[in-house]
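Here chain A shows up in two complexes: once beside chain B, once beside chain C.
Then we have the complex of A and B:
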């Protein structure tokens, strides 16, 4: 039913839209619908200030979802996002306590901690053949344990460096938050990697048919390892930005990013089985998720209702995409 | 035998898979109290025939009668109900369950809706005893049993369904000699109990010992039916051949003594699938691998390509020993090997990805600088390949899955030719593609060999081996049983050595098979 209507609409659309992935088009259409519905409630939903603010909030999720997308394209999943985020934030803040050198190295150190988590994930998945759902959940638990030991279970007292705060909240270009610029740069890099490099081709190949990729002489294990390391690093970088945004790290600050990052990638039309999806879709998914959360909270929906609507919308959209004809 | 009324009869059965004709107006008559052997080459239609009997696939046309009444089976369960039970080649047991659980799995005895374990055990014990395997404990887990014992459980499982017609498809291929003898006793007893048995095997000696009646299949039709023992092995082999030569093969250049050996194997063994294989392939030579399906040919190719772990023996490239740890190592650097895999849909291609992406996938390292793909170079090489192989596609940016089978196979080959390999391993590359494309591939293969490539070519089609190869190695049970050179490569010699029999007139080198 929905397929036929979608097809009918597609037939009347301009050429460049017809060539686009229907899932991406649907996601962008949903963003527009959400904004229009929101504007019925309050005119301010269409104001530039509100939209820019949402884009800034979305960029944290965007950075994290970029790494998640890489892993999902392989047909794997990274469930260590929550404590990769928290580890990145806490370690960056912790480094800041060690004098000027620590302050200078805070951001790279935080990101490197995330890369380390990712490498453990990657070794587990690629070389030890542990299902990613298990190994990433395990590293998440270990990272949580290590952070609790380090902080004693309280919110760490170290605060974010000026550089972290500048990246998250500052303005290099007037009117455009730095966080948005960072997301744009990371996104552009990801688009380039996915479409123009042999690494990107290999990622799609492995996601479609790992056996065929392996028999084509691709070092599949190395590719998987790198993808998980990148995912860990980007999660931690997301954590660094969040710490800069809030001026400090906090326990379980990453918990709110696991489901949204997976949902953003999948809502953007990336197949959860791997091998298919575009970064543009992930951008749409991230904005969609962020807007949905924001509008529900502005409408002062009680927390329970928000969770229910949030979940139902995700399931409904996935059902809609499930109608796409499979080519496998 | 002819006096007895037929228990089961198939008439005019046809079945097509896409454009491929698997069965064409085949007939078969099965009588109670007899063992009926079915013979035929790979792809002669035997498997399709028994799948239709067992209700796994439905025939396109034709009738089946059981006890004189017309029947049709919607599912294997319906066939079981009617008393037709099949023991398939692949084991169908669930390893984590007990022997008794497996035996009654489709219809367990129940009390108050729960499985009656006592009754289950009784049924299992009876079935095992009937299968001559009462030494297997019904409570043992299937995964703890060795392969030959599992096969006995499989037979017991079939017997527990109280069949009137029992089909055994290569059911003895995994058994030891002692077990085979035991199974034969059981089968003979079942025959005296009035069951009809349908026996499919490639082992001629087994058929000679067991069968009352034989039917030979060729090209999807039953070409001969005769009482066992009335024809010699050689006559049977002749019945199994006898196809018209429909392919045109390029001329062979004849032996070139000067060429150097590029690929060599010494005493390759792997698990129980490869047994001490030694061979060599020279530059410019097409060496065929023959034999029945599943005698280790695939494993041999995978071994060369660095896929198998725990390989013993030596692989030499250009006379120097090398260790090939992965397909990456095999295809990169100075080894320059390519493998055209068996199943293009799962091993050769990424079907949802575009023709372009698939074509350049194996050569990404050559097409990119610092990891960034040089699009112009990619386009040039792809254009060359599409021209060279005459790949018919509506464009380079459509999913490769939208192409026809023959063109998909061309893409698989082209993606490897982009690396300009020196050693090309082909695993049954013409399976399921049309005759026209086959011919193009034969020409291409010869062209590559003339340009200096060393080619190792496995095919299940004997005509191809005869038409394309300078030498053919026939494998049986993981070992090279015979080497046929030049004019020795005849269909007769190929089939005889594939069945591991050394009949008179099997070739110029009479009885000289290794």
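Then we have the complex of A and C:
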């Protein structure tokens, strides 16, 4: 166990070595194969318009997966994504109904609701030492309950503000959708935080061995709390973007993002046990998942088949390179 | 002389769950408009037993320090399957029941093989297999429908001698046939040992892999029994994503309420059964007090949150701060 941990640290230091992470290379190779397969099926698959459209769809998942990656790097998991996404979307739309001030504050309000969910998760995991998958399932249930009470069980009638729609579907730079720019900005910020700040180092340290990180003077509980808050906020922001894309929020809009976000992070070579992984891998994972979804829907695969292929592909990829070390 | 003390310490979680259930059920039946009658008990039992089966399934896996996030989907899949197969003459029905239970065993075995021999993390692996199981369920039942052998269904959801709910008797039989032999067998001990300390168990030559594999497989079987009973109650099959997920979630709540440690190695399926019954009763308390049903999801979520936070009290007993980090 300790040997693999040491290997992880050594492999992370020089940049070119990390780039050559076999998992990331495999993920990119799979993307190329998917594109080739898709182009056999339909000529338009390699056209720039189609690829940009895919990138735009991928950016929603990308924003959500960024938060998930931060939490997985700690060796934890965030299962509250579905209703963090829905809460962010619904609360942003709800705020929009309260006059011009509400419209102006819609996006920050939605994101803040997600941060609140994340903070509850973080307190549970860091200070109460509850296993993360349990507490995040519980907060997911509470968030769902709150939203059901708020909406009365129906999809809310409030629609997204112009700003939300602009962020999700507009073009600031001609040809490049705003959603892609947002993902790029968030991704760049994440790379900076992970590789250039003490917070990032602490995240990797805690993921490797929290006890050691604590003994080296890191306030591990605060770091974990912040990471969960960021994850909740990013999930909610993803929800805000999705609401802007569809012009309104819906009850189960987040359900389709839990498995893909975990899968994207893990397929990108981030260890589910924490402490190892690069953002480049997550980008590859997100694009891979989006392309897979797109090809399945182009082939008019019914939902049942999509779920099955999805699960099988994820298990197969994990068996290829996501296995835990052999026992002792 | 200290035997009973040891037994008490071991069964504390189970007894606590039993106590919570008794108190909650007393409040429930005292405030129910119809009072404590055979009908009320039967309805409550039928609802509670479904969750009890799924919670037993979850217990087996949690004892090994794993988690099975696909139990709800196995439950849904077997429900859809039973709505096709458990119909017709006695022989056909019997064959259908066997096929459904076999499917459950197979689903559990797949989970076990991936987690134990594939060495994947149980959380991710079972979320992924859960998607597969749900896809299969959707393939079987794109729209809700189907039917079931109603004689068998009415027999197993009715009452024996006019008072004893048949579903409770079935639950008891399953406990005696599945849980008791398992927990007393070598493999059951191996499952507990693996959950308690896998390294120590490995060093002592305990068959942890086979024990864990059997735990996952039997979990699939128990979830399938739950799915079978769901079909008996509803007479139909439905591939409902939300309901499958809810059962997974509630099974974890029931396990926690039932005194089963999520870190593994501690607790029993009996505790989880009372946890499940208590959880159901708490959820139904809202109805007897005439609350808007809209509040039920929130109420159940809050109960779950409180239940999992209770474990945190152990932190106050920690003397060395390093023990925070397991």
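Observations, loosely collected:
Definition applied: the second predicted complex is superposed on the first by the 302 of 328 C-alpha atoms of A that agree within 3 Å, B and C clash if a C-alpha of one lies under 4 Å from a C-alpha of the other, contacts with A are read in each partner's own complex, and residues count from 1 in each chain.
Going forward, a residue touches a chain if its C-beta (ideal position, glycine included) is under 8 Å from a C-beta of that chain, and two chains touch if they have at least 3 such contacts.
Predicted, not measured: the structure shown is a model, and the values here were computed from it.
Once chain A of one complex is fitted onto chain A of the other, the partner contacts of A:275 are limited to chain B, with no touch recorded for chain C. Within the superposed three-chain model, A:218 lies in touch with chain B and out of touch with chain C [touch as defined at top].
Counting the residues of chain A that each partner touches, chain B and chain C differ, and the larger count belongs to C. Once chain A of one complex is fitted onto chain A of the other, the partner contacts of A:205 are limited to chain B, with no touch recorded for chain C. In the superposed model, A:133 lies in contact with chain C only, and not with chain B.
By the touch criterion stated above, A:196 is placed in contact with chain B alone, chain C being left untouched. With the contact threshold set out at the top, residues 211, 214-215, 327-328 of chain A are in contact with chain B in one structure and with chain C in the other. Per the touch definition, chain A reaches chain C in the complex via residues 77, 124, 128-131, 133-135, 137-146, 148-149, 152-153, 210-211, 214-215, 220, 252, 255, 258-259, 262-263, 266, 272-273, 302-312, 314-315, 318-319, 322-328. Taken in their complex, chain A has these residues touching chain B: 196-199, 201-202, 204-205, 208-209, 211-219, 275-276, 327-328. Put simply, chain C touches chain A in their complex at residues 67, 114, 118-121, 123-125, 127-132, 134-139, 142, 198-199, 202, 241-242, 249, 252-253, 256, 262-263, 294-302, 304-305, 308-309, 311-312, 315, 321-322, 324-325.
Residues of chain B touching chain A in their complex: 305, 307, 326-328, 330-332, 339, 341, 346-353, 357, 360-362, 364-365, 367-368, 371-373, 375, 399, 401, 415.
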